[in-house]
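Each in structure tokens, the structures are laid out below.
Heads up, the next two complexes both have chain A, just with different partners, chain B and then chain C.
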Partner chain A sequence: MGLHLLEVSSVVGHLIGWNNNPSEGLDVNARIIEKLNIFGVEVWITETIVNTWIIMAVLILIAFILRLKMKNYKYKPSGLQNVVELAIEYMDSFVRGAMTDQYAYFGNWFFGVFVLILVSNLSGLLGFRPPTADLGTTAAITLTTFFLIHFMGIIKGKSGYFKGYLEPLPVLLPINIISEIATPISLSFRLFGNILGGMIIMSMLYMALGNLPGIFKIFNFGIPAALHIYFDIFAGCIQTLIYVMLSMTFIKDKIPD
Partner chain B sequence: MDGYVIMLDQQTIISVLIQIINTCILCFALAKLLYKPVTKFLNDRKERIAEQIDSAEAKLSEAESLKAEYERKLKDIEAEKNVILEKARAQANQNSQQIVAQAREEATNIHNRAITDIKREQEKAKDEIKKQIVEVSSMVSGKFVAAKMTEEEHQKLIDESISDLEGVKWLN
Partner chain C sequence: MEGMDPKAFVLGCSAIGAGLAMIAGIGPGIGQGFAAGKSAEAVGRQPEARGTITSTMLLGCAVAESTGIYALVIALILLFANPLIDKI
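Up next, the complex of A and B:
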């Protein structure tokens, strides 16, 4: 029994990539594409960054095409305009619902974040390694949110912002500070963990299905698709929604009505 | 090729910085290209629709008040028409009665005048006849006198003639 557990732990070790060796176990690593040297600083261009660039390029291109196609907005919408309006209006009412009409301009930021996270999560379906399955991406987005939380808090909340750290009791100051620091950590690790977890499970499944003998290969039909629906589409959409919703709520908490 | 799943070193910080820049570029581009223009357009449309609904409501209430006013006016006109008709009927009645009375009066006048005229003509004719009888009789008597008449006979004849004349009933 002990041996068995050891084997399991070694498999997990392979999976998580502690022993950075692609030839053994599963490969869920983010590859390092290029190691640049910029002003004496070594900069790794990783698979995550390249995938992000691809996603950005596609999204900006789509946005550009949509913008060109709708050069003359019609008062009575039709066709493509309906779809675009639906998406934007959904985001707008989402922001207005979470942050009140007064702060509807946050939609400009959260629309981009929402689309980036959603498309990143879904890019796993096309065989990309989702950029959100890398702490670098989730931490980056979360740091901007963290900055927004406290910037807006100071700008809008003024002295109330600092007083908030002494409530309900001044003794709780350290705990309040810890909870503020925990916010971005929990945000970034939640998204990162969920997407990476889904990716690992899918990789394990493909490895297992690939090693099935003879007739059992029939399981290759259907099972991956069903799990992709759950891990990529369902979890991807839900995590995007949770992330954006929580970010907006955290910002809203710091600004007075 | 090297790879990693999670790393917490200098490269993490660098990749976080790169991803922050990427995210900002993407958010800026999407906001500029899609979000801002579309939300602005949607808001404009929302305001325009609200305006149209307001103006439609205002027009409806205006139309309703106009309708009520017209209905009231129509009713007034109906009443006025009845009054005028009634007045006209009364006037016509009065006129016709007046005309009939006038006609009757005129007819009476004409009748009376005719009667007086007849009377006058009668008188005139009577006088004329009297005069002519006197003439004729005096002429006849003149002839008799010239032939063979004495004073006595003459006087006697005249008296006889006059008494005869008085004895006859003329035209009355």
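Up next, the complex of A and C:
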């Protein structure tokens, strides 16, 4: 009975291009490229890590080129300086809007986070596996936000920070602690789930389109492009914006007025 | 149940579970629709505040979306990284 079911589902799977064999089916996990052994600890070099390195290298290269090209800061901007100033001013007003003028210096940090996440999300367009489609990346970025939330809370709030855990009632202390732990989890899972969901739908679509017979191959035109615009460009940009905005809101929440 | 491949049974039940988990998608759908409708009303009433309304709505939508994303993650784990299949 069991075998029979598997056979039927594999026939259906072949029709829509889904291979039911778990060993060679749709694999959404990041491929492991190399297994290193560093002092007895096994370290996996996955696709995510390599893609992150590539993105980091490209971003650092762009930063160096911009710095070299803009050696002479002009009072009246022109050309490249216009573009750079536009990006910086946009980020600056974004941070000032979310965190008030007093904490505008957070723009330095969040510009980097913004660019890294944005380029990671958009890298799916070039055929990379987006690094943000791995919980490791989003959790690592969120760990910095988690640290910032509580660091700023303790520095600026002093004893009020610890008193905040006992409000409105001291009995609610465990629930307050759980809600503090839930913040980074929901932040990282939101970004991860959105990008991974888009990536899975795109790879399922490509699998289905690859097996089309004869005249139906016409569907290969246009449909992937339209879905890429939604899942990669639209969802990627919106999720980056939301991630940065929510991070700033959480940090601002811990700082007393 | 006699003669049934336990692996097939677990895989089938996992697929059903993934489908059931995605029922949670109803919640964010209603919530985001509500937020979008209200923000459309707000823009209609005060067109000059469009920018602020849009960013506030996006923030609210993102928070409302969390439960849907949790369901998605659970469904994906059941489908692609099934922890139950190793226990047979």
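Going forward, the second predicted complex is superposed on the first by the 234 of 257 C-alpha atoms of A that agree within 3 Å, B and C clash if a C-alpha of one lies under 4 Å from a C-alpha of the other, contacts with A are read in each partner's own complex, and residues count from 1 in each chain.
Heads up, the rule we're going with is that contacts are C-beta pairs under 8 Å (C-beta built on N, C-alpha and C of every residue); 3 or more make two chains touch, one makes a residue touch a chain.
All figures in this text were calculated on a predicted structure; none of them were measured in a lab.
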{"item": "Partner chain in contact with A:246 - chain B first, chain C second, else both or neither", "value": "second"}
{"item": "Which of chain B and chain C A:176 touches, first, second, both or neither", "value": "neither"}
{"item": "Which superposed partner A:32 touches (first chain B, second chain C, both, neither)", "value": "first"}
{"item": "Touched partner set for A:194, first chain B, second chain C, both or neither", "value": "second"}
{"item": "Broader residue contact with chain A after superposition on the shared chain, chain B or chain C", "value": "B"}
{"item": "Which superposed partner A:203 touches (first chain B, second chain C, both, neither)", "value": "neither"}
{"item": "First (chain B), second (chain C), both or neither touched by A:186", "value": "second"}
{"item": "Contact residues common to both interfaces of chain A (with chain B and with chain C)", "value": "27-29, 196"}
{"item": "Contacting residues of chain C [partner chain A, same complex]", "value": "3-9, 12, 55, 58-59, 62-63, 65-66, 69-70, 72-73, 76, 80-81"}
{"item": "In the complex, chain A residues that touch chain C", "value": "1-3, 5-6, 26-29, 97, 186, 189-190, 192-194, 196-197, 200, 238, 241-242, 245-246, 249"}
{"item": "Touching residues (chain side chain A, partner chain B) in the complex", "value": "16-17, 20, 22, 27-33, 41-44, 46-49, 52-53, 56, 59-60, 63-64, 66-67, 73, 75, 84-85, 88-89, 91-92, 104, 107-109, 111-113, 115-116, 131, 134-137, 139-141, 143-144, 196"}
{"item": "In the complex with chain A, residue positions of chain B that touch it", "value": "1-7, 10-12, 14-20, 22-31, 33-39, 41-42, 45, 48"}
